[in-house]
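Each chain carries a letter (A, B, C and D) given by its place in the written order, and its residues are counted from 1.
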Amino acid sequence: MNSFGHLFKVSSFGESHGSHVGCVIDGCPAGLLLDKAKIQEQVDRRKTNQSSFATTRNEEDTIEIISGVFENTTTGSPITILIRNKDAHSADYDELREVFRPNHADFTYQSKYGIRDHRGGGRSSVRITAPLVAAGAIATQLMRTESAVKTTAYVSRIGNISILDRHNYLHFDLTTIDSNEVRCPDKEVSSKMIQHIEEVKAEGDTLGGIITCVIQQVPVGLGEPIFSKLQAELSAAMLAINSVKGFEYGYGFDSTSMKGSEYNDLFENSEKGITTTTNFSGGIQGGISNGMDIYFHVAFKPISGIQKKQQTVNRDGETVTIEIGGRHDVCAVPRAVPIVEAYTNIVLANAFLHSKLSKI
Amino acid sequence: MNSFGHLFKVSSFGESHGSHVGCVIDGCPAGLLLDKAKIQEQVDRRKTNQSSFATTRNEEDTIEIISGVFENTTTGSPITILIRNKDAHSADYDELREVFRPNHADFTYQSKYGIRDHRGGGRSSVRITAPLVAAGAIATQLMRTESAVKTTAYVSRIGNISILDRHNYLHFDLTTIDSNEVRCPDKEVSSKMIQHIEEVKAEGDTLGGIITCVIQQVPVGLGEPIFSKLQAELSAAMLAINSVKGFEYGYGFDSTSMKGSEYNDLFENSEKGITTTTNFSGGIQGGISNGMDIYFHVAFKPISGIQKKQQTVNRDGETVTIEIGGRHDVCAVPRAVPIVEAYTNIVLANAFLHSKLSKI
Amino acid sequence: MNSFGHLFKVSSFGESHGSHVGCVIDGCPAGLLLDKAKIQEQVDRRKTNQSSFATTRNEEDTIEIISGVFENTTTGSPITILIRNKDAHSADYDELREVFRPNHADFTYQSKYGIRDHRGGGRSSVRITAPLVAAGAIATQLMRTESAVKTTAYVSRIGNISILDRHNYLHFDLTTIDSNEVRCPDKEVSSKMIQHIEEVKAEGDTLGGIITCVIQQVPVGLGEPIFSKLQAELSAAMLAINSVKGFEYGYGFDSTSMKGSEYNDLFENSEKGITTTTNFSGGIQGGISNGMDIYFHVAFKPISGIQKKQQTVNRDGETVTIEIGGRHDVCAVPRAVPIVEAYTNIVLANAFLHSKLSKI
Amino acid sequence: MNSFGHLFKVSSFGESHGSHVGCVIDGCPAGLLLDKAKIQEQVDRRKTNQSSFATTRNEEDTIEIISGVFENTTTGSPITILIRNKDAHSADYDELREVFRPNHADFTYQSKYGIRDHRGGGRSSVRITAPLVAAGAIATQLMRTESAVKTTAYVSRIGNISILDRHNYLHFDLTTIDSNEVRCPDKEVSSKMIQHIEEVKAEGDTLGGIITCVIQQVPVGLGEPIFSKLQAELSAAMLAINSVKGFEYGYGFDSTSMKGSEYNDLFENSEKGITTTTNFSGGIQGGISNGMDIYFHVAFKPISGIQKKQQTVNRDGETVTIEIGGRHDVCAVPRAVPIVEAYTNIVLANAFLHSKLSKI
């Protein structure tokens, strides 16, 4: 359904062309002094129209917090975040009312519900993630009251352009992610990515890619076996993001060709306490954080809304040829970076709260 | 925590060396005539001691259903499944009481809970999946009352031996999975895998691999946006399985280097109704099944319990050298095949029940 | 927390003097054509300023549905209802910022959360039930698509004026409830109640009372043992309403002095199928509806906000004398009638949806 | 469904004549050293065959804890409690297989599920509360690690014999509850109750009554508005107990005829901190405990299984006359005292855990 999290529970609502998109956070402890500018800043990172390859739909995305906060401080009551939809061009979608666009949710929503809001993808639009990015920013501010935990995501692949070793995030300066349009910390690679996107855009085609996410300064003990293991929650959150096709943490799929003796991270007693000499595990063992960095990779398929003629069927099952209108991204992976961070921080905030109840 | 599923809710309990492992299913509709032999058959597929590279712990794993079933038929009350632990050699673990084995859950459990049942891995042991396999078999029998849906998993990689194209499951006869010890449907590849395992076993080392899972005859409409998308539930289930490091569905990570025009599955009106000409999507669009086959891949790291000396630390933070006792698999991926199927079927049974409530 | 219901889940948000109060319904099936006028009608029944003894806060309470509905029909996506707070006089409460009003939630909220929105009771205000009444109206419309089930509540006691036998709802014409200000179906008694209220109002004092609720045309089979028994869900819903101190169904507390032979409802085969000759049980046996009418009583304490001087303490623990400002009801029981109905219908809608999953 | 509680979640399973009844506790923090004798002691208080008016079914009710506890200490993993059914006389029920006993759950279970385990009431039997009493004892031990909170229940009415003022628990020595068969702290009244039961037993009839429950030494701040208010959770728990028809807390139904000025509890600054001069509220304001004693009353209908001929119908709708076999209590209210206490303590343990997350 439409809620995520057991203790810091975020419930999403809204559609692409409704009056608002929004969410409710139930379970945020009282007494948190919110920095609203920092929340807006994260939402702004997700905004459209920031690069030549993003959709030209022009939304201000100003957040409004209509409950749960009194004199800038959380009260323990549900926090409701609203964002108005201002630049919806619903008429652009009239032709698509009866047509199932390839690889969109048109067919499945129509089949499951017998009705769908076809305008701009309706409920299946990535637009609904905007208020969830705000929720993620609140989750972050909550964790910061007691921990230095820090989540950073970046683009490690777009189409066939990739950084060399996606596990090696230590190679990069993670504070510079936003310094280029594609949010890739490797300067040379980022230039190639931008060029790749421009070429593909000229063809009327689209691209996907990979986002790598790193969590640093993680306390030991986050994650609730056996079904709320930290990696299970992270994975569920990532696969709930539009266009995501895969998740791996630590050495992930690459670990499958390693031997146990190569892969095992050995414990040692360092100045930071008990740590491991290597970190193929990606900071989680037995579903619980072990204090080392957590890193994972998220695969995004190419955007479905290509600017080419495609054959498909309409609701009556008739074959039709369409050319998709509306305003679409060529490659949405850079814009998904703050979404990945937000969903991660919501997972972490839940784990933080839960970990307070682990022992007497 | 320890429950999975919203409507067909499975709650796990038990430890490796307790008296029993078990689970409770809450939400199985009444009136299902259970075929207990078929349930046991699935549990038996997970058993130890069926190959030269599996642990020699010798458990009968006979299931006992102690509630919720009357005259072989489900009553709508919670179904409790118990499996007795008979061949636990707890003394084997005495030496490990104060030591953190590399890549095990010893350190994280001890840190999080301040106590752990160190015997055989305690709660973190894969042994607790045995009754969950039984729950998966009940989920399957439930779905069969109204659908021909069929889940089949197999091994597509062990260590550095892999089948050629892991997405191409149509190439294989999926009814022959159990005909060899490694549960790989490619005869030639399976021989190489067995040889690979034997070599690595001789070194005292271990291996991981990949399981591919295919769901056929899927009804349209399974999956609950936006946080219980079918892929999100499947992914959460898979990442909850011991040793799993990654999940991808459809073309997964490979889709990230495709263009939209290559990747888009075009709709057509075939004799089966509205279908797609290709299936890069892996049968799910917008979080909801579209009626095409669902296929996904699950990455397993190598087994942590290698038979080599390793350096680690104990609870006092002192450096110690250990050689792990107990009885361990060299490669547990083949034994994980019925676990992947079971967890998948539990996800599907939940989605089936939920889909009955989609529209008036 | 702030959600109610497992399948037709209603999440409340908002405070008395925030910009809006509202709720989100997650789980309403798609395809329900909403009659918005009828929803507004129920919300209007709860409005202030409809009698001489209700608060003079003057709110329009116009509902706005901002998601989940497309062309007046539910889409299966979350339905969000907003009601703007227009006539909040926050300044009236300035003096109460540091004072704990007797029998209000001031002290407990302050102690639990360390902060509270003191304006108009903040989160603890009955104002937050307004959008929940709308949710109840949607629940009703959902049930009507497949059942004639009908919920009617009325006032059976105010202060020391009571109808003769509160279990005997059959004595009254339940379609006339709204024909008088106190919503009591006994004309003579209602006049006495109004007189009683006027007298008490003149004293600056307040009153409580009892609401009786009857559910007719109930299908057999609603309720989910053993913790979601229908009476347990109804009771939890009622005790969540502001000022409610007690709940009983069927003969309730009166049944405690009956013998089994007096109390047992005997089954017979009537033209309506299997029914009972009497209905002391109140339509529920073993936690599941048996098809007979369900009736229950809900006790409301007198309103806390009396217009008399009272001694209390402030946040510093100092004794202070206060005279409560703001605008308060003398007796809110008549206004609670649509709230009781709404919460009941939300419980029923959940039970309806759940009952579709009882058997294969 | 069959679970209660959000954080200290108790899941019930089992039937009256199955092999076991049991429950699983998920969420009990690690590190709690269990006093197993004290748990058994509570379960023993609920046992049959302790008085002349209780059923003669003779069960040992020895609890077995099969998971979640290591060296007598909780590990944070699910705790499973089993109790074997030893003295089930299933043949006694053969005649009732097709018959609906008046006021039992026979008809409703059969209608809802299409099948029922008719032996001894199956799932609807009060026998399933035995392991829940053990869960309540664990909840108590958990709370005792940080609070002196103390729950005491007693019988305040049986049939038409009642103590004088049921709200006035302070009048009694609450440590003497178990000193007589009916668990009433008023010696004179208890004698009359016993005599009343014996008379009614001789007639082949049965009785109900009222249990009063008092919670002392309550911390301020328990309860989660607006749907998990402490009274809502207590009420839901009580109404889930077999035979319960009503719940009221504080002055309950009696408060409905009081004026606000009579009822309001005034705050004062006493040596115990901020307290109230009276306690008509029953220790809860705005859904949150205010530190005063919590007291409530629970109404039990008379036992349905009378020893008299009764007319009813069978599954074919034919009128039949039955005389109920099996072994039944004449009045089960005294045996329900530990059940009321246990359910209350489960509610409290959840509220305790939740309250740790109220503020940063």
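Here is the rule we go by: contacts are C-beta pairs under 8 Å (C-beta built on N, C-alpha and C of every residue); 3 or more make two chains touch, one makes a residue touch a chain.
Every value quoted in this text rests on a predicted model; they were computed, and no experiment measured them.
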If you average the Cα atoms per chain, which one ends up farthest from chain B?
C
Centre to centre, by mean C-alpha position, how many angstrom separate chain B and chain D?
40
With centres defined as the mean C-alpha position, give me the chain B-chain C separation in Å.
46
How many Å are there between the centre of chain A and the centre of chain B, using C-alpha atoms for each centre?
26
Residue ranges of chain D touching at least 2 other chains are 1-3, 12, 27, 30-31, 76-77, 112-115, 123, 225, 358-359
Which label fits the chain touch graph of this model best, line, ring, star, complete or other?
complete
Looking at the complex, which residues from chain D come into contact with chain C?
1-4, 6, 12, 100, 102-105, 107-109, 111-115, 123-124, 128, 157, 159-160, 200, 203, 205-210, 220-221, 223-229, 231-240, 244-253, 255-269, 273-274, 276, 280-282, 284-290, 297, 299-306, 308, 310-313, 317-319, 355, 358-359
Listed in rising order, chain A residues that touch chain D in their complex are 7, 27, 29-32, 76-77, 142, 145-146, 225, 353, 356-360
Please name which positions on chain A make contact with chain C in the complex.
1-3, 9, 11-15, 18-22, 24, 26-27, 30-31, 64, 66-68, 70, 73, 75-80, 112-117, 122-123
